[in-house]
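Listed next: structures, encoded as structure tokens.
Look for subunit A in each of the two complexes below; its partner is subunit B in the first and subunit C in the second.
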Partner chain A sequence: MAFYNNFFFTVLPYVAIIIFFIGIVYRFRAVKFSYSSLSSQFLETRKLYWGSVPFHWGIIFLFFGHLIAFLVPGYILLWNQQPLRLAILELTAFTFGLMTFIGLINLFYRRLTNARVRKVTNYVDIFLEVILLAQIFLGLWIAVGYRWGSSWFAIVLSPYLKSIFTLNPQIDAVAMLPLVIQLHIILAFIILLIIPFTRLVHLLVFPLSYLWRPYQKVIWNWDRKKIRNPQTSWTLHKPRNN
Partner chain B sequence: MVKKFFYLNILFLIALLNTVIAQPQGEKLFAEKCKACHTVGEGRLVGPDLSNVYQRRNEKWLINFIQSSQSLINSGDPDAVAIFSEYNKIIMPDQPVSAIEIKSILDFIAANSPDASNPNQRTPAQIFSATSITQIDIERGKALFEGTIKLTNGGAACISCHSVANPAVFTGGLLAKDLTNSFSLLTAAGIDGILRNPPFPAMNNAYGLHQLTDQEIKDLLAFLDYVDNKGVVQISGLISESYLLIGLLLMINLTAGLLLIFWNRVKKTSVNK
Partner chain C sequence: MNVRSQIAMVFHLDKCIGCHTCSIACKNIWTDRKGAEYMWWNNVETKPGTGYPTKWEDQKIYKGGWEKKKKGEITLRSSGKYKGLLNIFHNPHMPVMDDYYEPWTYKYLDLIESPQGDDQPTARPVSLVTGKPLDIKSGPNWDDDLSGTPKYARKDPNFEDLSPAEQEAMFQLEKMAMFYLPRICNHCLNPACVAACPSGAIYKRGEDGVVLINQNVCRAWRMCVTACPYKKSYYNWSTGKSEKCILCYPRLEAGFAPACMHSCVGRIRYLGVLLYDADKIKEAVSSAEDELIEKQLDLILDPFDENVIKEAKANGIADSTIFAAQTSPIYKFVKVWHLGLPLHAEYRTVPMLFYVPPLLPVMASLSITDNSKQAEKLDPIAKFWNKNHLYNTNTESIWGTIEQARFPLKYLASLFGAGNEQKIKNVLKKQLAVRIHRRNITVGDIDKNTAEKILLETGLTPKIADEIYYLTSLAKFDDRFNIPPAHREQALEMLEDTGDLKGSTGFGFKAEPKRSL
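Up next, the complex of A and B:
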């Protein structure tokens, strides 16, 4: 057991972190053009909304939630001091978790059923979807089955993660955790490890303006009214934008 | 051999039962009959400090003196007369207690007398005394458990990982054991020890550098004793259900709101219209 614990909670994190850093640099130098989410919105946009919006808003909240709990655990405990605030935080986080899960299922369904999107899908995409689905499912399971994670994250996992980053891994507490939580931690490191090899690299380069820009900007270079009605014949010159 | 084993076990069980039953009874009787004038290890009051009294006098003498001190003094017992004179000839009233009850009081005194060879060791009554806890202690323990009162040294609230089945207490965490019956399972001394030196890694993370104070431990023990034994004291509680309902409404509101905001921004018709 000690071997597995050491492997998954000491070795794996460092392997993941090292491969992540080497991988993102290598990919950027080797295939710069693929450094994106490889959007398929042009191929299908209706179903994308019901997948992409809930998934991304959910995952952004969850990511920063975990990050804040890691960076300033004391403030999370301070917030959770009042049971009402604890309930609000937990239920809000759970809502975003559900949104992420439902969004991801929608995205997965779209990717598998839409012929155009299917064409641009590879095995790594499928693998990534499955691993993310499993991770979010485990997260929801933990939220329900081992509730008040926001509080015990600050007690158990923040010190563990801090110990990883200070190169002095303390895995005693993590080794005692229930299997579901351990799997969630292990999968998190595996996701970190595969970021350079999947479309997840886009989280490193996403343009911040995406958050408020319109989805599509159509610019007319000249007066729309002058455009020829397609049912009529050419008059003098062929219009340049039609 | 089997029979011997069997009899030994029965004896052991009787002894165990005896201590389990006798201990609280002795403590209760001490609080009712003796505490006004005597202490165990906290110095003299109207009467003498009774710590280690069983070493100074034999049991028969003690039973006689407690049941009727005046009879013993009048009979000319030199020890009884000496004590009577030492304590300003204040008469100790006759106590209507049986010899068995006196034995249970003596057992309590024996268990709680300071040990001369180990002066730092705390006695059970110093750790927790069921007769001295008040509603305020329980309420404070509950607030510490739920986290509404912050722990002095910054430890996390118990509710982060533990729960207790009590309608007055907010729904607790599920990472660690349910503590509803912890008091009878671990005893006060056991819980006290765990709180001071947590043997569990996660708990050690939480309290190793954020030690609980003596008062906080006492309050928590009072609260855990209450939830285990359902004492007569009623503690006021919040209504967990209403909190969960508020959270649920917020949750639905949040999801619907977010989706609506973004739906509003989605291009639904051709730009030519």
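Up next, the complex of A and C:
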């Protein structure tokens, strides 16, 4: 048992984190071209709406929910002191979970049944969607079956994750958790691990910088003013647009 | 003043014969790949018609281009920083494949391999996307030559301002007229595609103003497709990257004209340098609707002006480029003769492709005559025009044909005049005056005084008229395409291997355009 626990809660997280970082950097440098969200809206748009929109907004909410609970567990506990506020938090989170789940089912169904979308589907896409479906399903199950997750996450899982990141893994508490929750944790690390090998890389290049760049963009292939000045030597530099 | 140079274009619509050679030249070089089959970076439309993609001009559907807000500033109609990022998971105004067409091929092998039978074997069309048999419902020039008029030509978005009676008049069989509108990316000065791209993958090249998409940075957020009001940015459904006309920049850098222009059968296309003032773009694009064209043309600077030359040099524009600007056919058409007008200036992207509006469909007006006498004389089997209409060849009332054009000027104004009919009228009158002047010289049935009076009325002189005539009808290759040297010796990007990259992701880096995982 101890072996399994060690493997899944100590080795796997580190392997996942290391492969994740090496993988995304390598992929970005070697095959930058492959960083794409690979949208299939062009081939089918109506069904996409009922899948993509609830799925993405849902998962963003869930992701940040987990992140906040991990980063500032104290605040979550403080908030949850009043039962009403706890209920509101849990209910909202569950709603978003359900939204994500339904969205993903719609996406999956669309991907399998639409002839055009089928053509741009590969096995990795299917594999990924199955894993995500399983993960969200587990999450919903936990939310229903093991109540008040927002509170025990702050007590049990935040310290565990922190111990991973501080290179001092404490797995005693996680080892005692029910199997469903353990599976949820393991799948989370597996998803992290496969990000570099799937289309999920697109979430790493979400174009937030759009918000602060000027609208228009002009690129010169060489420094115009320098080139005309015979006094300066022309230094070699890589063109900026490739 | 911030002087920049731009490769600009003029298409002379009176000369376009609608042969689609340009489209084929482009297709063969750039878009004969998986995922790009449906793309026509160059396409030729029949007007009136709904075009490609269907109804692209209807911004109520596609929400492309810029719009002026009450406060006076302009914003992208459907994308931009906030709307764009909010709609990133599903872009509600994006045209989909069915708005263009589903590309197909034919099962040619069936013609040879079918077993013997009573019927002739046929090559069935199959989709290039799914590989399944396909009922062809539309194609890139489905409404060519007004075919399917009730469904296409009559739904032309430019009819919005025309009264039902005016529209009806256009479609009476005897009076029907049309012209061709070849379109490529306009390599705009205020490109909506660049502004809408969340990743910043699209950029305008400083040296020549060509607008390009960096395939390495594009992440398939698809905002450019919606934002370009001309629908000239296309989404490659296979690679998950957007692509657009690159103005054949590898050819330009080597001193060749772009393939569509080089191959143009009607020799309608001109290409050359314009100098413009980048500091004034903002003011020009946010001016009032009726001033738009004027303000946009004001951006273009006089390349002979000493101050302009000085500023251009200070900005690093090569002497050869300045010289090209001085000898540019575009400068003549657009700024000196005022014959070229931008297509849909009201989208506020400041297109750098100008059109000389067509005179012929306007001129060819008909009058009613009694043909019965003539008909009696003819052999009954002979085919003859038994309708009582006659083409007007009357030279008495010179402007009459323009005033009572059978092709409503309002329609042309909606395309090229941002709604202003006077703009169109001026250009047409000038074209007509040049013709009359030439008729005086070659045929001689119009006397010199009349011809000169008419020229004067439009602000032309016989000398200018002859120049216009020359550049319109006799111009040689080098007159039509005035391409400045690219100075490859100074541009690192341009030194990179450009020769053997066909079928790969493009220039600058080599990789197979394979869909990733």
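Just so it is clear, the second predicted complex is superposed on the first by the 207 of 242 C-alpha atoms of A that agree within 3 Å, B and C clash if a C-alpha of one lies under 4 Å from a C-alpha of the other, contacts with A are read in each partner's own complex, and residues count from 1 in each chain.
The rule is simple: contacts are C-beta pairs under 8 Å (C-beta built on N, C-alpha and C of every residue); 3 or more make two chains touch, one makes a residue touch a chain.
Note that the structure is a prediction, hence the values are computed from the model and not measured.
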Problem - First (subunit B), second (subunit C), both or neither touched by A:K119 - result: second
Problem - First (subunit B), second (subunit C), both or neither touched by A:E44 - result: second
Exercise for the section: Please indicate which partner A:L211 is in contact with in the superposed arrangement: first for subunit B, second for subunit C, both, or neither. Expected result: second
Practice task
Compare subunit B and subunit C by how many residues of subunit A each one touches, and report the one with more.
Solution key: C
Practice task
Answer with first, second, both or neither: which of subunit B and subunit C does A:M176 touch in the superposed model?
Solution key: first
Exercise for the section: Check the residue A:G145 against both partner chains and state whether it touches subunit B (first), subunit C (second), both, or neither. Expected result: first
Exercise for the section: Could you say whether A:W57 touches subunit B, subunit C, both of them, or neither, answering first, second, both or neither? Expected result: both
Handout entry: Residues on subunit A lying within both footprints (that of subunit B and that of subunit C)
Key = 49, 53, 57, 215-216, 218, 224
Practice task
Could you pull out which subunit C residues touch subunit A in their complex?
Solution key: 80-81, 84-85, 89-92, 94, 96-97, 129-132, 190-191, 194-195, 198-200, 202-207, 212, 214-222, 225, 235, 237-241, 313-317, 490-494, 496, 505, 508-509, 511, 515-517
Practice task
Spell out the part of subunit A that touches subunit C in their complex, as residue ranges.
Solution key: 31-45, 48-49, 52-53, 55-57, 115-116, 118-120, 122, 124-125, 197-199, 202, 205, 207, 209-211, 213, 215-225, 227-228, 234, 236-239, 241-242
Handout entry: Residues of subunit B defined as touching subunit A within the complex
Key = 146-148, 150, 154, 156-157, 159-161, 170-175, 200-202, 204-206, 238, 240, 243-244, 246-248, 250-251, 254-255, 258-259, 262-263, 265-267, 271-272
Completion exercise
Counting only contacts in the complex, subunit A reaches subunit B at residues 49, 53-54, 57, 74, 77, 80-84, 86-88, 90-92, 94-95, 98-99, 145-149, 151-152, 154-156, 159, 172-173, 175-178, 214-216, 218, 224
